[in-house]
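Chain nomenclature is as follows: A, B, C and D, assigned in order of appearance, with residue numbering initiated at 1 for each chain independently.
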Amino acid sequence: MTQVRVEGGEFAGWSYWEDEPYEAETVGPFFFRLEGETPVAAFRAERRHMNGAGVVHGGCLLSFADFSLFAIANHAMDGGYGLTVALTSEFLSGPKEGALVEARGEVLRAGGSLIFVRGIVTGDGVPCLNFSGTIKRLRNKS
Amino acid sequence: MTQVRVEGGEFAGWSYWEDEPYEAETVGPFFFRLEGETPVAAFRAERRHMNGAGVVHGGCLLSFADFSLFAIANHAMDGGYGLTVALTSEFLSGPKEGALVEARGEVLRAGGSLIFVRGIVTGDGVPCLNFSGTIKRLRNKS
Amino acid sequence: MTQVRVEGGEFAGWSYWEDEPYEAETVGPFFFRLEGETPVAAFRAERRHMNGAGVVHGGCLLSFADFSLFAIANHAMDGGYGLTVALTSEFLSGPKEGALVEARGEVLRAGGSLIFVRGIVTGDGVPCLNFSGTIKRLRNKS
Amino acid sequence: MTQVRVEGGEFAGWSYWEDEPYEAETVGPFFFRLEGETPVAAFRAERRHMNGAGVVHGGCLLSFADFSLFAIANHAMDGGYGLTVALTSEFLSGPKEGALVEARGEVLRAGGSLIFVRGIVTGDGVPCLNFSGTIKRLRNKS
């Protein structure tokens, strides 16, 4: 789960976690960066992210939300590992192919064992998914 | 969103929905069938579904849960269309590469506009995701 | 569900809904008002709201969150009726006896049939409950 | 949070936790017992539990669900303390005054720090609330 910086293309300067087959290759890569002190996650909606109705599949938005939890909590986790224990979501709209999909949110509480995060995914700025998640901290590998 | 029956391989006799780029190609295909009167959804966990810790990525389980909502509600929807309005989930364990991932559940209430579903995803029979979802019925295209 | 304005006491000028035995009498009354254009809900934590550990009971916070959904969505509902179809929550801390418990939030989407709301409950300004809810509109009685 | 056994009345032989002002007095008491090895929680819906539409208030059902988490997890907690960290819910129907409201469910996973529970609340046998909750174990007081 090493953080890698993108060299070129639309997301030059953004980062992603490598050695993540699902997140960095199968559905992603999804990207994150700080805008000032605010963490932002993003990807560009492609044909492969679509459902049969021609908008981004709910499962893709949920995968991105799960990724975004860690992008948002990255600072609070301070290099430590964690895993998602719960994720809740409401679907507000469906981004179309070509849309810039972004997630922003905040850490609501960073306790010794649990971190609570909430956020909103947007497609070209329009809210499309509301989510809240709980991360359990794992002891750092040493 | 035409239902297609699989001809050969491990999931011969199971069905999936085609014209679903994300669900049937990018992360899937995911499959469903009736076992007696009980709907079951399934896929085989491959390397491309893994996270950096070597278990199925949470986003993949969520994508599968979203698919499973419709497999479980298929009968109640009677050929009609629907979309997920909310999905909640708790992560219980992480299936390893090679595991048979299945989902079973029930329709808790099928109202005129909303269908409530709950289910459990298992990996080789071990519970790995608890989920509940709400589907909004759409008018059938005619 | 007539809206009543409080005449005196700590919540003078705030409103509540009468003919609500549970909400206005048993656990409440809970109150709401607009601060500028921002809806706020509030109550004062009393001994009767406490759990065995000496903080506001989770069920009380959930009851207040359910009330707050409608306070927050009041404008979007424009005098119409509605019912909660789903509520999700994470507990962040426990307000003590005497704390001013408030809820603030926003309507994320007000569709023709469903209204999506998220909010945060605080105790003396400290976040104690994160919540999201979905309201289904009912046809107005006429 | 001492467990007390009811001597008489409709819930003779059931238990509740005392020193719980909100749960045992304000909205309750709510009761629990084992039916064989199956934990069941229950209360009788009274006028004071109603909303303005004449069915049990959503907040009351949520309070009862939060109580029921601990009734269901009681054995897994083995006398230890715990607190709710998350609760999700979908509302299926509204029990009327006089209904016997019950909750049944199961522990999905009892880990070293977190316990995952799901359950269904019924009113006179009709499903009215689907819920899932996460309990965090606290160290026993000694």
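One rule holds in what follows: a residue touches a chain if its C-beta (ideal position, glycine included) is under 8 Å from a C-beta of that chain, and two chains touch if they have at least 3 such contacts.
All values derive from a computational prediction rather than experimental measurement.
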item	value
Selected interface, C-D versus B-C, where C-beta contact pairs are more numerous	C-D
Between subunit C and subunit B, distance of the C-alpha-averaged centres to the nearest whole Å	35
Separation of mean Cα positions, subunit C and subunit A [Å, integer]	30
Distance between the centres, which are taken as Cα means, of subunit D and subunit C, whole angstrom	22
Sites on subunit A at which at least two other chains make contact	85-86, 88, 90, 134
Chain contact graph, described as a line, ring, star, complete graph or other shape	complete
Residue numbers on subunit A that touch subunit D, as the complex places them	85-86, 88, 113-114, 134, 136
Of subunit A, residues touching subunit C in the complex	86, 88, 90, 92-93, 108-109, 116, 118, 120, 127, 130, 132, 134
List of subunit D residues in touch with subunit C within their complex	1, 17, 19-23, 25-27, 47-53, 56-60, 62-67, 81, 83-91, 94
